[in-house]
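One structure is given here, and the rest of the page talks about it.
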Amino acid sequence: MPVHHIAIFAGLLALLIAAPFFFYPIFIMKILCFALFACAFNLLLGYGGLLSFGHAAYFGMASYVCAHAAKVWGLTPELAIICGTLVAGVLGFLIGSLAIRRQGIYFAMITLAFAQMVYFFSLQAEFTGGEDGIQAVPRGHLFGLIDLRSQESLYFLVLAIAFAGILLIYRIIHSPFGQVLKAIRENEPRAISLGYRVNRYKLAVFVLSATLAGLAGATKAIVFQLASLTDVYWTMSGEVVLMTLLGGMGTVFGPIVGAAVIVTMQNYLATFGAWVTIIQGLIFVVSVMLFREGIVGVISKWTRKPL
Amino acid sequence: MFELLGIPPQALFGQLLLGLINGSFYAILSLGLAVIFGLLNIINFTHGAQYMLGAFVTWMLLNYLGVNYWWSLLIAPVAVGITGVILERLFIRRLYHLDHLYGLLLTFGLALITTGIFKQIFGVSGLPYQAPPLLSGGHNLGFMYLPNSRAWVIIASAVVCLATWFVIEKTKLGAYLRAATENPTLVGAFGVNVPLMITLTYGFGVALAGFAGVLAAPIYAINPVMGENLIIVVFAVVVIGGMGSILGSIVTGFGLGLIEGLTRVFYPEGSAVVIFVIMALVLLVKPAGLFGRTA
Amino acid sequence: MSDGVILAAENLTKEFKGFFAVEDVNLSVRRGQIHALIGPNGAGKTTCFNLLTKFLSPTRGRITYKGDDITSMSSADIARLGLVRSFQISAVFPHLTALENVRIALQRKRGDSFDFWRSQKVLSAFDDEARALLADVGLSEFETVNASDLSYGRKRALEIATTLALNPEMLLLDEPMAGMAQEDVERISALIKRISVNRTILMVEHNLSVVASLSDTITVLARGKVLAEGDYATVSKDERVIEAYIGAGHG
Amino acid sequence: MAEAALAKNPQADDATPLLSVKGLEAWYGESHVLHGIDFDVRFGEVVTLLGRNGAGKTTTLKAIMGVLPKRTGSVQFQGKELMHAPARFIAREGIAWCPEERGIFSSLSVEENLMLPPQVKPGGMSLDRIFELFPNLKERLSSQGTKLSGGEQQMLAIARILRTGAKMLLLDEPTEGLAPVIIQQIGHTIARLKQEGFTIILVEQNFRFASTVADRHYVVEQGKVIDMIPNDQLEANIDKLHAYLGV
Amino acid sequence: TDVKIGVMNDRSGIYADIGGEGSVIAARLAVEDFDAASKGINVEIVSADHQNKPDVGSNIARQWYDTEGVDVIADVPTSSVALAINEITREKNKIFLNSGAATSDLTGAACSPNTVHWTYDTWQLAHGTGSAMVENGGKTWFFLTADYAFGHALERDTSAVVKEAGGEVIGSVKTPFPGTDFSSFLLQAQASGAQVIGLANAGGDTVNSMKQAAEFGITQAGQAIAGLLVFINDIHSLGLDVAQGLVLTESFYWDMNDGTREWSARFEEQTGNKPSMIQAGVYGAVLHYLKAVEAVGNKETEAVMAKMKEMPTDDPLFGKGVVRQDGRKIHDSYLFRVKTPDKSEGEWDLYETVATIPAEKAFRPIEEGGCEFVK
């Protein structure tokens, strides 16, 4: 890991440990969940070159399963999160093995189509509670010991999960596997001609991305104590695309920044009524017209350092 | 009298006809999207908002200026088209050389702004629009009562779709447009005014959305979010037809209307998702959509 | 196949909506030779390449490599058997450095590397080997340059280095000289000559002097069919070849 | 070679140049590629630009055609300054360009590709003559443009601009990837076009081919014209030329 | 005492008109009318948009309670958000005055000692419309049901009422939510020959199905249409040409008596619209809460909640009523019919009263709700 990356990670960690003293912890936890979600998405888009327009499916489904596991099966939070994450992984495998055979906009659309089916399922299925969602999910005791109703414990759990997830993504990008992925994105026929079975690589990164998105969704269910349709709806898939692009696609830190900006915006613009949509729209237009590489992308260009 | 799966055949005809009418909206809207995507390589997420704009302009024309529906059919699409031309000149033209993603993001932002402004001004409950005398009332076809307004939708959209298809696929102008999508520099070097052509094309695609909006005004609720839910379905139609394929989007638009109509009879709950199921199936079998050209 | 044939195609045919781009082509390439595939434009040479490496599926026909039927294998698997191709339009990984380009190919030796948990530092084990290959094609000083910034000729050289990194038994080169300046043509011909030791090469090329100086056997395709086969001397005298391809003014 | 040399147009010796390029500079973004190109082309001449890969030949043609983001200097055609005109006006003046990468449109059929460029001047070549020159095209008229083989695409790219009536042609490596027979045909075509009063700037790597069709050769190196060699003095200057081109 | 009231609702989406800024204004009017300042109660009102997303709403609610000292959250339409806030309010032991949400679970399965459900709920709407229609001769029913839990609940409750009152449900069709084109479903309803077509949907769905019912001449052909959740704003946007004849239940209409007219006129001055029942409910709830605070003398949750339930309610909009032990506010409810255009005397002159359902019959009996903490 280059020194400046270590420095940024360390700084970020320090900042996040201090953050709950200055900001509302649940709000930071929300940012963390979305940052992990956006990073997982960016792994697929920025490094795998695959634009999925249906990532809400994994995020939302994991959130439902985790909520159900914690509330109905009475599992401890870590087991519930693992359940949710695994289900997202399996779902990612099923959808991924069909979708990766297609490219570009068709890939995006096929992932969207499956995500809509997942949405439809969530609307209809008994266990998701329809549009009321699964409410009053208990936070429970971590490992049966630590009471997560304490906001501090919960905060550090979420911080640990998100940070571990993001570091794992960092490692994936910079692994031999990541190198092959990059080659495939750059020139797929050439990678094939060198003997790489590209579909397996694409599927692998798809499943990894879906699983990590699931981890984010499951964690969110524990934080907010609810799982609802908004998390599986297509607008959520759109939101994660926006976070990633705004922060800087294909950069390590971009999605984190993008998630922070968008979540903050949703939170602090909440009093402005219909102006929220107008302001959000303006921000997107401005960012496309003026900083196309995203916030971190632009900084990375100025400092001439990959971030 | 024999019945098909418990539905009398007359009723089935009626349902199919209704499906076709819905398909007319899909066809016009997806046609506009296909024109814009096919020729500008921009995924126009503002399309839903522009459709909404068409309906609102129609309403404003009647309520502020007393201009009737028939004139609106002409004026509203032109007005919406002009807003499109302005957007193209100001923003979209700076994105042609970039990945699709940026066009998507920009037009998504523009859609948010447009919808937001209309929500701010008109609220979300919607506005009433009275169909013109010629279109209120209807005919009894024996198997169903067909309101004139609906019959008119089919006719108008079929004519517009065919004309558009002809211009783009069969005329010289269309060939310029298609060529300019791929290599605008070269087409310019042949002596064609490409920037103007592209601006007008975007304007035209948007005007089609506006036209659909006018057709919708007497039938559907006019509110700022009327296009929001439609847009994703229309995207699906374009993809099934084959991104950018003009004929594909028309045929698929009408076809899916029919299929959706049938689903509404046999499995109504599924009628919102059936299009996506079909999209997944089609893409798995035909990677570039039904009428798409592979690169 | 004992007679030294490494790659053989029988009745290879490809039809595009009623148009036969390649029709009943029989081709056998002998081990250790440089075999050229020439022919007029649109004769089906590139299509043939695509069929042999399964970038297209044949309408009918059978392909055998080292005696095994590979007709139904996937492109990647064929490459894994040691039958590797280059492309008519140069194919590098543009945003990877020259060294990384070669390393991607060397990395294949590790098998399919799905080890996403490991640091890419393990790849530096390949650096020396990669540098040696770059030196072979005269790209030593461009090690850290992004492939996209290399000039056309150097991109082709890099492509060859990358291909060689797989240490393939057989190479398929599609117009390696196209668009190259004279100086590069000579450098690349020399390179091809050098790497052909212990390898079999099948190449498509329009530059007749290169074909003449390099190839042991030449197959001439025209309108999707084999028109003539033999060494340069034989082929270049063939009336039909002169008419269809070489033209009267040449040689 | 003899044939081409004989086919000199009487007007070729006319003193005033048809196209005159002076101090032409051009940039791709930050990188300065042309550093002051000067050369003239007289009516009815075939002139080649020779040079190594990356010397700036293609860029010169693009700069004349006005399809570069940034250029300065002067390009005069029939006495008219074209420096500030957009590409479409330059085309309308009667200059046609066949780009190096051919630019065949995949969403158009071969026929549509062929018919695409608008006629800018009267007297373009008829379809019959075009098919006579390039019989391959006639057979594949309804195919998708980019489904043609590499060489067929090159033929289509040349054929396409012959129809427009433009009398000044900029051909960028028209023989790349073509079979020897076709190259010869193109050689004949160029000679014939010259007789018919076309003026041609040819960028070529295949210097053997160039010598069979051209009147004069300009040598380009690092964005400048460093020498001019008339075709009839080629023999005498062959060593110098080899040195320029690094053969 | 300082009291901070957070009005949270949809300010940008489909429910922005029935609540939105109007609810905030209603709350302010309540503070004004109560003349809080002179009674030593310092009231501050904040507002936020939950965008109909439970996580956004719950984030705001937690932040309000934890760091911004909000004591009461008011309004909150959209069942999923309302249920989430119901839980958080209980956890934080604050007070939730719901006016906007329809789900009767708020005083049933999910009931909480910290919640008052003021204006309406699905049980009330189903019973009001269902039984009154059957009594007026609409014996056979066909439902157009929005395909999600809310729609299902409306259909289920109404069917039960219809059957109980001696009617018959001869069919139903589940329509995708949200939908634009209902013509196909309307024709199915027409083909069934039912006397009443019940619209178990809301918002844009209702508006669209009404508009298309008029287009296909469904009412002219003799079938009646009953809206199970229709607000005055919907009728206003449809226009009387289209909406005439529709029968619906509401808890409030601006043109009932001098009190409602006077208040609505003030409201209209500030917003340009007549109030919806939800906005009226916010007014009533906030007013009652302030009275309770005054009576208790501080804002301690248990005491104030107890006071609110003990003290009868009285305001110009809903008249006299009570807050039941389970949190359900009880008042009269009304069956309205939408006027024909020629009978209407103004832009907002939309309803005529068909029947008044007395308070004691309008809402679900407490023992049927299954609320746990009520013994």
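Should a chain be cited, it is by its letter among A, B, C, D and E, assigned in written order, with residues numbered from 1 in that chain.
By definition in this document, a residue touches a chain if its C-beta (ideal position, glycine included) is under 8 Å from a C-beta of that chain, and two chains touch if they have at least 3 such contacts.
Computed from a predicted model, the values in this text were never measured in an experiment.
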item	value
Intersection of contact partners for chain C and chain D	none
Shortest contact path, chain A to chain E, counted in steps	1
Farthest chain (mean CA position) relative to chain B	C
Pair joined by more contacting C-beta pairs (B-D or A-B)	A-B
Between chain A and chain C, centroid-to-centroid distance (C-alpha), Å	43
Mean-CA-position distance for chain B and chain A (Å)	33
Euclidean distance of C-alpha centroids - chain A vs chain D, Å	53
Chain E, residues touching no fewer than two other chains	12, 16, 147, 177
Multi-chain contact residues (two or more partners), chain B	116, 119, 269, 272-273
Interchain pairs in contact, sorted by label	A-B, A-C, A-E, B-D, B-E, C-D
Footprint of chain A on chain C - complex, ascending	53, 55, 74-77, 79-80, 84-87, 91-96, 100, 103-105, 107-108, 110, 112-120, 122-123, 162-163, 166
Contact set on chain A toward chain C in their complex	168, 171-172, 174-180, 182-183, 186-187, 189-198, 200-201, 204, 208
Chain E-facing residues of chain A, complex	24, 26-27, 30, 123-124, 129-133, 135-136, 220, 224-226, 228-231, 266-267, 269-277
Residues of chain B that touch chain E when the two form their complex	11, 14-15, 18-19, 21-22, 116, 119, 123-128, 130-131, 138, 144-145, 147, 149-150, 218-221, 223, 225-226, 229-230, 261, 264-265, 268-269, 271-273
Of chain C, residues touching chain D in the complex	16, 19, 39-44, 46, 88, 151-153, 175, 178-184, 206, 208, 243-250
